[in-house]
Structures are given as C-alpha cells and as structure tokens.
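To keep things simple, chains are lettered A, B, C and D as they appear, and every chain counts its residues starting from 1.
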Amino acid sequence: MTNPWTDIKNTDLVIVMGGNAAEAHPCGFKWVTEAKAHRGAKLIVVDPRFTRTASVADYYAPIRPGSDIVFLMAAINWMIQNDKVQWEYVRNYTNAALIVKDEFGWQDGLFSGYDPEKRDYDKSSWDYVIGDDGFAAIDMTLENPRCVWNLLKDHVSRYTPELVEQVCGTPKDRFLKIVQMIGECSATDKAMTSMYALGWTQHSKGAQNIRGMAMLQLILGNIGVRGGGMNALRGHSNIQGLTDIGLMSNLIPGYLNIPTEKEADWTTYMSSRQFKPLRPGQTSYWQNYPKFMVSFMKSMWGSAATAENDWAYDWLPKLDVPAYDVLRMFELMNAGQITNYFCQGFNPILAFPNRGKVTAALSKLKLLVTMDPLETETAHFWENHGEYNDVDTASIQTEVIELPTTSFAEDDGSLVNSGRWLQWHWAAGTPPGQAQRDTWIMAQIFQRVRKLYQDEGGVLPEPILNLTWDYADPLDPTAEELAKEMNGRALADVYDLTDKTKLVAAQGKQLANFGQYRDDGSTMGGCWIFAGCWTEDGNIMARRDNSDPDDTGTYLNWSFSWPMNRRILYNRASADLEGKAWDPARKLIEWNGEKWEGYDVPDISPTAKPGDVGPFIMNQEGMSRLFTRGLMRDGPFPTHMEPFESPIPNVFNEKMVGNPVARVFVSDAEQFGTSDEFPFVATSYRLTEHFHYWTKHNRINAALQPEFFVEISPELAAEKGIAKGGTVRVWSKRGSITAKALVSRRLRPLQCGDKLVHVIGIPLHWGFMGAARKGFGPNSLTPFVGDANIETPEYKAFLVNIEPATTEAVS
Amino acid sequence: MMARRIYSQSGDHIETTAPVTVSRYRGFTRANHWVTAASLIVLLLSGMALFHPSLYFLTALFGGGQVTRWLHPFVGILLFLSFLILFLQLWRLNLPRPEDATWVSHIGDVVRGEEEKLPELGKYNAGQKFIFWGMSALIVVLIGSGVMIWEQYFPQLVSIPVRRVAVLVHSLAAVAIILIFILHVYAAIWTRGTLRAMTRGTVTGGWAWRHHRKWLRELAGREKRDPAE
Amino acid sequence: MTTDPNVDSPRTAVSNPPIQPMKANLGAGDVMRASAMPDLAPPERELTPVAKLIDVSKCIGCKACQSACAEWNDTVPEIEHNVGMYENPHDLTPDMFTLMRFTEYDNPDTGEFEWLIRKDGCMHCADPGCLKACPAPGAIVQYTNGIVDFIHDNCIGCGYCVTGCPFNIPRVSKADHKSYKCTLCSDRVAVGQGPACAKACPTQAIVFGTKEDMLTHAEARVEDLKSRGYDNAGIYDPEGVGGTHVFYVLHHADKPALYSNLPEAPRISPVVEGWKGATKTVGLAAIGLAAVGSILHGLLGRANQVSAAEEHEAEELVERSERDA
Amino acid sequence: MNIDLSRRGFMKLAGAGVAATSLGAMGFGEAEAAEAAHVRAFKLASTTEVRNTCTYCSVACGILIYSKGDVAAGEKAEIVHIEGDADHPTNRGTLCPKGAALKDTVHAQTRLTEPRIRRPGADRFESISWDEALDKIARALKDDRDTNMILQNDAGVTVNRWTTTGFLAASATTNETAWLTYKTVRAMGIVGFDNQARV
C-alpha cells in the first residue's frame, strides 16, 4: 500500500476492484466505513460477484473475470474525453510530456517487437527519444504526437463504453455512472483510493491490471495524497516483510537483484545499475544501489567480503532463467529433477495450481521437510483420504519430515503490514510439546550443515563457512540480534559524505537510517529499507505512541514504517509545484521556503527545492510513468489480454490466446480447456470466515463456515437442474471436485456481446485436515500458468463445467 | 325375558344378603382408579408449582425445579394410559339416559340430599357422568397440549405461536380438571358410604337403594334369574 | 487517537480489559425485575440504561460478532453442513447466542439488488416476555441498566421463556437443560467493558454505550442514510416491548420484515399475557374457592347419609326377588 | 352442631387439598429462596496481558493475549483468551471472525507437538527425535549440494547455483525468521526460493 490503512478515512471515493476488502480485510475496511460516515465518502465495487463489500457499497457493477484492463483503459479514455484530468499533476509529475521513439507502436493486440517463436518482445523500441544532452526529450505543451500523453490518448481511444459492455459484460449505464463518480476526483480537493488484492494479481496479466489503475490514479492526481493511493491489501501477516527481505528466487533484501549469468562479475552487475537521471537535476535514488548492495554483502560474509574479492560476489548464485519461481520448481520436480524440498509454513498442495501435478511432483521427491504449527495437507500428501486425496500411499517413496513450530503467540519479532509498518510483538504462551521457533530450527540446520563441511569438506564450502553468525548462542539466535543485523551497523567510523570530518556513526553503532549506508565496506546492513527500525535509540518497531496530531491518520510515533518511517509514499506529490498542498484540508507536507515539513516524513530530500526536483525520486525521470518503457515484459501500456482459458476470443486478435509473453510449459499447454468443452467461467476467492487453510483447524471458524461449496446463479442452477444445498461436480481439463451448491442472485449471468457468460464462484478454504468438513480447493481445477512478469498463477479466471453430482460427497 | 344388563356391568353383584352389600368395583378397577388418582395428584402439585410463583415451593416435594420439570410430563403420560384403561371399563354405563335429564332438573334436591324426589337411577347419576366425561375430555386436551410444550423432547413440534396457545389451553384445562377433581372428591366424601366403593369395592344395600336403585333392582333381579352368575 | 464523535464512530473499547481482580459492578442489588418473584425488593440504585446499537447499513456480515461471542462465552458451536446458505450455524443455538442472517432483496423502488444482513440475538426488551413467562423464581432477571440476564442456577429448562419471547431467541440446552441467550456480556459490562461482539465488530456497525448516546448516534446514522437515498431509513426500537436495549438502524425501517422477518410490531403475545395474567390469578382463585367452599359446605352443610330405613328397603328388595325365585 | 367421626375424616382429607393454595396465599412461596442474581466472574482477572499482532492478514491488527502464567518471567504460560488491542491505531480493539477466534488456532487439536517422520512407502508418521531429524536433514542437504551444485555454466562463467533443492518460506513468520532463513538459503546457493508473495 502507498498509504496506511488509517489514511483511508481521508478519502472521498473508494473503488474496490480486484479485491474484496470487507471480506478479506474487515478491520482495515473499517476505515472505509469511517470515511463514509464522517466524510460522506462513496464506495464503488466492481466484481464478478455481489460481495460482502458490495453489500455496503453505494454503487456496484458486475464484470467478467479477466477483463479488467478493458474497464480501466475505458475509464482513462473517458477521463481524457471529458477533461477529468489533474493537468498540472499529469504535466509535471508524470512522464506524459516525454517523447517516445517512432518505432514504438501497437496493432492487433500486440506492441512493436513481438517474436511469436520466443513468445517475447524486443523492447528496444519501447523507450524515450534521448537527446544529445543524454536526457529524455520532452514537450511540455503535450502537442508532440509522439509524447507519452498523445500515445496514451490514442492507445485508450479503442476502449469505449460499448467495448466495456461487450467484453466485460458490464452494463454501459453502470460503467458510465462509475466513471462519472471517479471523474469528480480529478479535482485537487477530491481524492479516490484504490483497494485491490489478488483479484488483480492472480491473472496471467496481473501486473498490467494494477498498472491500469495506477495510471488512472496518476491522471486524477491521486498518488501521494492523503485519501488517495494504490493500495494493495496483501495477504499474509508478513507477506510484505518477506517480499521486502526478498525471500524469492531472484531477489536480495530491499528490492535488489540476484545477478544473472550475464552479469559475470561485480562491474558488469553494477554497470546496468547506474540509474543515471533521465531529466536534469533529478534524484534517481537508485544511484545509491552500490551502498545497499555492499552493505548487504558485508552482512552476509563480513570480513570475508572485501573490495578485493568484489564483496564475495562469486558466492552469490547466478540465475540462468528470470527466476526459479514455484511454478518452475514444480515443473522441474515433476520431471524428477528436484531432490529435497522445504515447506516452511507453506501448504503447496492447496496453494499451487493444478493440484494433480503438484501431488505427482511431490511424489518424486527424495525428501520433503515441512515446518508448521499445524498438520498441513502437504505434510500428509501421501496419505489416502478417499476422494479428497486419492493417492496410492505405498507407491510414494518420498520421505517426509514434519517439524513442529511455534505459532505467533509463542515467539517475539516483527511483521510488516501492507501499510509498511514494522510492528514488534512478544511471546505470550509456552509452545506445545516439543514445538520450536523457526529461528531455532534454521540455526540448527545451518550449524549442522556447516559442521559437515568443516569435518568433511565438500563442494564450494566458503560461502557456508564464512557466513556471518556472530550470535550469542549460535544454535538459537534471538529476534533482537537478527533485527539489529537487518537495520545495519557501522563496521568502522562512518563520516558525512559532504563534510568528511563529521562523524555520523561510530564503529559498532547501529545505523540511524540508510542515508548512513556506505559502499566502501564500512557499514553492514541486511535490509537497507528497514534501516531505522533498531537504532541506538533502541527498538523503534516497538513504539506504541498512538497520538495523531490533527487526526491525519499518519501516527508517526506508532512502530516504524519503511522507508525512513515514511507513512505515505510519494507524499511530495501531495503538494503543487510551489510546494503548497493541492488540498489545504488534506495537507501532508509543504515547502516552508527552506525545507519540507508537515505531518509525514518527506519522500524527497528535505531541502530539494519544489520545481527543481520531481516527486518520484526512485525513477530516473523524477516522474511517475504512464509509459513504463521496457520495465514490463508485456507492454509499456496495459493492453487487453484474455485469460488463457476464456469463453470469448480476444476482440483485438482472435488468434491471441492469453498473455502472448506469459511462460507456458509444454505439458501445461496441453491441459488448457476450451469453452465448447468447458462453457463456464470460474473464479476463486476467500470467505471472511476463514483464513486460507489455517482456520479450518479452528473449531469456531469451522462452525462459522463448515463445508466446501461453490456459488452459482439461479439461472445456471435452473439450466443444470441444481438444487440449493445440493451436491455438484465441477471439473476442468485438470481435475474434478464435488461441492455443495449455493445458489444466489449475487451472481448474475453476463451478456458479453452475443454470448451469455455464467460465472461459478469457488472459495478456497477446505482440505482434508483440520476441524472443518473435508473438501476441495479451486487449485484442483486451475491452470498451471502465471503472470508474464512475476509468475503469479492465474486463479481468478479459468474454464470449468458443472453438473449435479450423482453421489453425495461424504464428509 | 332377556339377560342383558342395562344398568350394571358384569362383575357387579349382590355379595351378602343380610345385611345386603353390593359389589360395585372389582379389585383391578380399584387399583386402576387409585393409580390414576395418585398421578393426578402428583400432576396437580407439580403443575401448580410451575403455574403460580407462590406455589413454586411445591417443587421441593419432588426435589427441585429441574426434577419437577421432567417429572410432570412423564406422570402425565402415566395418567393418560391409566385413565384410558379406566375409561374402557366405565364408558358404557356413563352414556346418558333419559332419567339423567330429570335428575339434572332436580339438582336442588340433589344438593339438599332429598333423593326421594329424584328418579330411580342406574349405576351412575348425571353428576358422576359429568365428572367422567369431563375428566376424559380434559385429559385428552391436557396430553395434547402438554406434548406441544414438552421442551425436552418436542421443542420443534409446533410453531411458537401455536405453543403459546397450547400453554394457555393446558393451564385452562388444568384449572378445569382440578375443579372437577375437587367436585369428585368432595361428592365422594359428602355422599357417605361412597368411599368404600373404591376402597373395599362394596357398598351397602341401603346406599345402592338410595342412590342407584335401578342398578340394585337389576342386580337383585339377576340373582334369581341366573343364579349361575 | 481521537475520540471526537464527529471525527469518529463511538468507540466500544475505549480502554483494554482490566486484569487485576475487581468487584463486579452489577449484582443482586441492581435487579429491578426477576421472574416469578412478584414481591422482589426494589433495587438499591438506578444504573444508567445501556444499549447496543446494530447499524445494519454498516454491517458487512463478517460474523466477527459470532466468533467473539463464542470465544468470550466459551461456547463451541456445532460444525454443521452447508445447506446452500451463509447462515452458520443455521440458527441460534444454546452455544451460539448471536447469528448473522442474510437476505437477498431486489429493491423495486431503485431496481438495485441489496444484500441485507442482520445480526440476530436477544434484544434485551424493557418489557421482557421471557421474564414474564418464566415460572422459576430469579431464573431471569432484569438489571436497572436494562440488561436481561438468565441466572442458570435457577433455570429449570421448561422452555416457557421460548414461549414468552416475541423475537424467538432463547434456546434450551439438551446437555444441561438450561436456557441460553445473549447476556449482553453482563460480566464485561460489570467491569466497565463493552460486549465482546461490539468490541470486535470491525466496522463498528455494533456499538455499545448509554441508550441515550446510542440513540443520538443512531439518528446521525439515519441522516447519513437518507442522504444516500434511503428515504425510509430509521431506528428500530419497538415500543410494543417498551423499547429494547439492543436496537437497530435499518435502511428500510418501514419494512423490518425484509431483514429475515424482524417483527413489524413486536409485543408480548396476548396469549402469553392471558396465560400469565388472568388465567393465573383467576384460575388459582377458582381452585382456592372450590376447595375452601367444599370444606365449608362439608363443615356446615348436612352430609348425604343413608338411613336405616333405606337399608331395610334394600333387604326387602333382595328377599323379594329371592322369594320369587 | 355435632361433628361425627366421618366428618373429622373428611377434614383430614380436605386439609391436604387446601394446604397448597392457602400456604401459597400466606406467602410461603418465598420459603424457596432463589439463587441471588449474579454475573459471571470476569475471566481475565489475574491473567498476564501480552501485546501481539494478529497472525492472519496484513492489516496486522493489534491483539492482547491473556495467559495464566508469564513467559517473560520464565513461567509456563497457558493462553486463556485473545482479544483486540483498543490502543492500536488500525483496528482499535476490533477483530474479524478469524482474529476473534485466534485462541482456538493456538489450541487447535491439530497443533503439532513433536517431530515426525514418514518413511518411503509408509502409511503413517512415526516419532523422531529433534537431533535425528535435524541430522538427517543436514546430511540430505550436503549430499545433494555436493552432487548437484553448478559451479560454472557451459560458457565457463562462475554461477555457483544449486537448483535441485528448493525452499518455500512462510509469509506468516517474523522478519527475523525470514532474515535468518534468507542467510541460510542463500549461503548454500539455493535458487529455488519463494514465499506466498508469489501466489
């Protein structure tokens, strides 16, 4: 989230699209009801189902799963056509005025440079015209036909209300009512907030869905302001933290990258990370990349990482593919190429698509290790549970070790919420039986491996033997020690970069913020963006001062928010070119003549003069990007792409299936179904009574929503002769499930052109372990394909068929 | 001449001649009657306890409110069955006859005890018949409404509005049956020589002559016609 | 953190629960009415009436109230089946004192589809039908702050409260044969905490405070709803039962029945009134009179006795019939 | 008037019948004293209060955990109740249906209490000691790493990549756990590394 949960109370209009906040994040949604009650804010919900969020909405519109880009581009088109644009913001704070290469273009649903063989684009044409001065060419009048604004205008011109009705199945009048409501927020004294979640990410073009709304928000001038923003509600309690710390195939903490094979050495790796400003005088903060990278390497290998050995660059793995993401790993596993696999608090056979494939893959492992407080389906994947897990136990040769871990209530530490707050918590209970903290387990495993290398030697022992492990008890590091390590520490006296005599951090002291990070090896820090969370002042994450001057909702003294305790990202953009708040009633930070000050920590150098330095300091342009250059694999603008399994062909190019650059493994391509065999669109989602596959272990939540069901419209029920509460069979090309039928008018058949599209809702909370009745999850049916940029599986739009079940499901 | 009984039933007979005693109820019938009577009293006490706060203390007789709550309906079933058997034995002679009308019209003489002004009667007079039919009807009403409000076993049997009517009907019927019960007991006591009919099973000839002369005549008549009996 | 009602919805949880032992501020001395105890001593003091407001228009049907209720009251609702609806458990039970009820409604006036969700549970009537119907002294009490509570030590499980309740709330346990319903968390209120459901409610659709404050807040909510086109928005605080200490804000106050058959004009059924009123007194009087009457008649009146002459007549009759033989 | 025997007999009987009503009328009912009205004892009295964060979604509601016993003081602590933290800016004491029932997850019947192993082909788990389990894991890691570590690619570039062992990290663990996990996994060269953020 760009803004904290508590800021939502400052909004005038909430649009929930690609999410279901009331249901999945009820306590955060409280701030929507506060905004409604005390600001007279309105709530719009656009969703295939009339959700619990819709039940308290001012206006609702249905949409066909997987057609969001059409809706969003049409909204942008309407804003442009009806002059609902925050012009000063667009001209100065976005790259609208920058000139794009003549070679860039779009036709038949594809951008310039597409190679069907590689299923990839040559992105060289997707860039600015760079002038002789080395800066991007610009036309502040926005008259140049090749400026981003005019290209965007042309790009979205195809997306009309009629096209929305035809592709999304959203009635034209409903679409128009919604864009009118949105349009009002282009005024400087009105703000709209976007709340979205997996309803947008779990598509083969998920990232583009989100870009679509981000662009709309920029055009309305709603990024960086109170009550505005792009708010990804996020899932697990620390999903933000694990992303920040980069527990992903290709990441290094703080959004740095694991090198690829092409980056054979440190110099090459750094050469592509100079991040030279593309406009004069811009910050381009990523120029500090080396400081963060070197400090990370020092936190890993300490004194063994030196300038001479390029900070032990060789010890970092180099990728031959963009990432060994879970889909790729299970593809390899299924091909028998994986030996050992660890699931730390993860339940793949319910979480990953095409459960049949996942189970087959796990069966080919030599060793599976699970670490969890609860009995997971994955740990029991080899156990036969009748129709709910029909496996041949004896033939499964995988050895499974199930390790009992503590729960949240039994350990100390911090979690990062979706508003980027790092909040510390304390253990309250004694762990049951022999359960142990994950930190203890990881330390035990590592120390034992290290001992083996010490005693026996082996392949490449150095990174293991030299890993920094200076904890009081090497077999049980404390949360405090680890938090301090992430914050960063001075390894030598650190002096001010401009005033070399000024000591900023003495050797051995905790660093106050990432401004004190150095690239000369004098500092170490595991996760630069967390710098400031545990300083010489102590544990900043444990702060509990809930005072909030003037009720802005920033709560600066409550815990710690990365980066730099900043609560609203891009908050510089909440003020105009003179540094005055666009909306005085919603002042956040302002320029007082010498520096920026206000209710939040400025997201810009405190002394950076307004007008000189753009608000989007992480970008080389100093501006936000309506046109993303080559940064996304599937286009610099979002363009409509159907899901891989779609009831109707792509209106721009009927030969185009799904996302043209999404990675598809051969075996999976054969498992895509077509609408003649599978006429109905299915979408998966959470219910408010449950959290993923955990609360089915809890007797109370199990009682509140006891048994697996699917939701269908009365029309479909009638067509198929399905009775309310009856049992149905739902199947796709990849699997079949049985469920109770919940027939509800909250699902409407959608008229898409001449095709009537029925949507089937499939919640995801049931399995074969725990207190609730045994059931299935949507992943038994979903396709094994992910987003073209980040490989998030397509759970939200796929094809199935349905019929009344002949035999009642036993449960 | 026929041997058909009109005013008496098999088992009724002259037991001794000097002095004359007449067998009115055989042992089984008497036992049956007292079981019914006992359960009616238990029901009366437990029912009253739950009927009026000032009588709640009666639950102490049964070991508290919870016991009273579950005991009452079971005894109710016992009463129902026991009375059913009694009913099968007595219903025929309780059918109304012409002389009953005359009897009712002379109710004043009844209360004054001037029976010489009354017609001769069979085994039962109109008053007794009223008690018999009244009890029968009310017991049916009580068992019916009782089951409808039997929370422990039939909470869902009827809708709550019906249940409300049932509980009202049950209490009204209960009041009625208690009044009849009092009348029954009192009449039995006021009319001397009656109690022994349900204790020893016999009444004196005089009692029979005074209150149920047709019944006595029939029995006397039967003595000579078929001594075999 | 602000607590300004203009910036903020009323806060049920203004402070966290105490953990030091403290005396309950709600006890026998605060009882204003008790079942089957007509001659109850008057309360020692008058507490400020409290109320729980349920703003149906803010409710997202998340069931946090059900969850918090079960946790606080240590009940374990049964894990049932899905029968094609969102209500789970399917009805109030002795282990589930409150329940979200869901209604799908096509609004004929606006043409919009609405999903009406109502939290069902004890309304804590000012004139409680359960208390009136209950035959067990002190099994149901009403405190001066308006809370109607069941004292289970006195409950006999007869189910009369079920018959008496105009809202069909109490449920008698098959396990211990005692009747259960929402206590308005009397144990929490007694130490200055709001009910568990109100504290948990994510959108503060459920708020708890003095009845006066809650009414003021409710009126403001009604205004907001009217401004959003709900012309018939209003407060549901039924007069028929003397008002309630759990009351609703409804978008369609003119049609309460839309919300899973919320009674239009609830009141204690005349049948129950008749039963617990006239019948009780008149019936008892009649019985008393009959009994006493018969005694007096027995004492003063002349018994109906058989004369020696009649015995003689009988003997003659018998002899005669034998002679004839 | 003369009261004969039978009349006295009558009175005995009648007495019983009347007793009930008259006694009641005399207010004997009150003799049956009811249990005095009382509210349930406040169950958080004398518990230890600990501040924590809800483990479910990333709204990260503040919660209060009440236990008998105090872990901070090194005592054995049994969690008896969990509810929202009224001081928390985001949730202000409120909790969703999951958060409100957190205690039941902590005490779930399916909580794991000992390390277990399922041997190849076996149809059940069997107990195993921590030491044995951890040694087995360490050995399996080393053997696979030594066999399958890719030191260089075909072009002779040093890649030091280990692709045959994978690790899924948990998005509900703390940052501190995540960091220790990161160090361990990366130091060994594992690239098959992911967490729930992917799905």
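Operating definition for what follows: a contact is a pair of C-beta atoms (placed from the backbone, for glycine too) under 8 Å apart; a residue touches a chain by one contact, two chains touch by 3 or more.
Since we're looking at a predicted model, the values are computed, not measured.
Which chain is the middle one, judged by CA centres?
It is chain D that sits nearest the middle.
Using the touch rule from the top, work out which pair, A-D or C-D, shares more C-beta pairs.
Per the contact counts, A-D leads.
Please compute the C-alpha centroid of subunit A, do the same for subunit D, then give the distance between them in whole Å.
Distance between chain centres: 29 Å.
Would you mind pulling out the distance in Å between where the CA atoms of subunit C average out and where those of subunit D do?
Here subunit C and subunit D have centroids separated by 33 Å.
Centroid from C-alpha atoms only, then distance subunit B to subunit C, rounded to Å. What do you get?
Comparing mean C-alpha positions, subunit C is 41 Å from subunit B.
In angstrom, rounded to a whole number, how far apart do the mean CA points of subunit B and subunit D lie?
64
Counting only residues that touch at least two other chains, what does the list for subunit A look like?
As it turns out, subunit A has residues touching two or more other chains at 26-27, 30, 546, 548, 688-689, 699-701, 704, 771.
Which positions in subunit D touch two or more other chains at once?
Only 6, 10, 14, 17, 21, 24-25, 27, 29, 32, 48, 66, 82, 87, 89, 91-92, 94-99, 101, 104 qualify.
What parts of subunit B, by residue number, touch at least two of the other chains?
Those would be 52-56, 59, 182, 185-186, 189, 192.
Flag every residue of subunit D that touches subunit C in the complex, lowest number first.
Interface residues on subunit D, with respect to subunit C: 1, 3, 6-7, 10-11, 14, 17-18, 21-22, 24-25, 27, 29-30, 32, 34-49, 64, 66, 81-87, 89, 91-101, 103-104.
Given the complex with subunit D, which residues does subunit C contribute to the contact?
1, 11-22, 24, 26-28, 30-31, 34, 37, 39, 62-64, 66-68, 70-72, 136-139, 141, 143, 149, 151, 153-154, 183, 186-191, 196, 199-202, 204, 284, 287-288, 291-292, 294-295, 298-300, 303
Would you tell me which residues of subunit C are touching subunit A in their complex?
1-2, 4, 6-9, 57-64, 66-67, 70-71, 76-86, 88-89, 96, 104, 106, 112-117, 202-205, 221, 224, 227-228
Okay, in this complex, where on subunit B does subunit C touch?
Within the complex, subunit B touches subunit C at residues 14, 17-20, 49-56, 59, 64-66, 68-70, 113, 115, 149, 151-152, 155, 160-161, 163-165, 167-168, 171-172, 174-175, 178-179, 182-183, 185-186, 189-193, 204-210, 216-217, 220-221, 223-225, 227.
With touch defined as at the start, can you tell me which subunit D residues reach subunit A in the complex?
Those in contact with subunit A are residues 48, 50-62, 65-67, 69, 71-72, 76-79, 82, 87-92, 94-99, 101-102, 104-106, 108-123, 125, 128, 130, 133-142, 144-146, 148-149, 151, 153, 155, 157-199.
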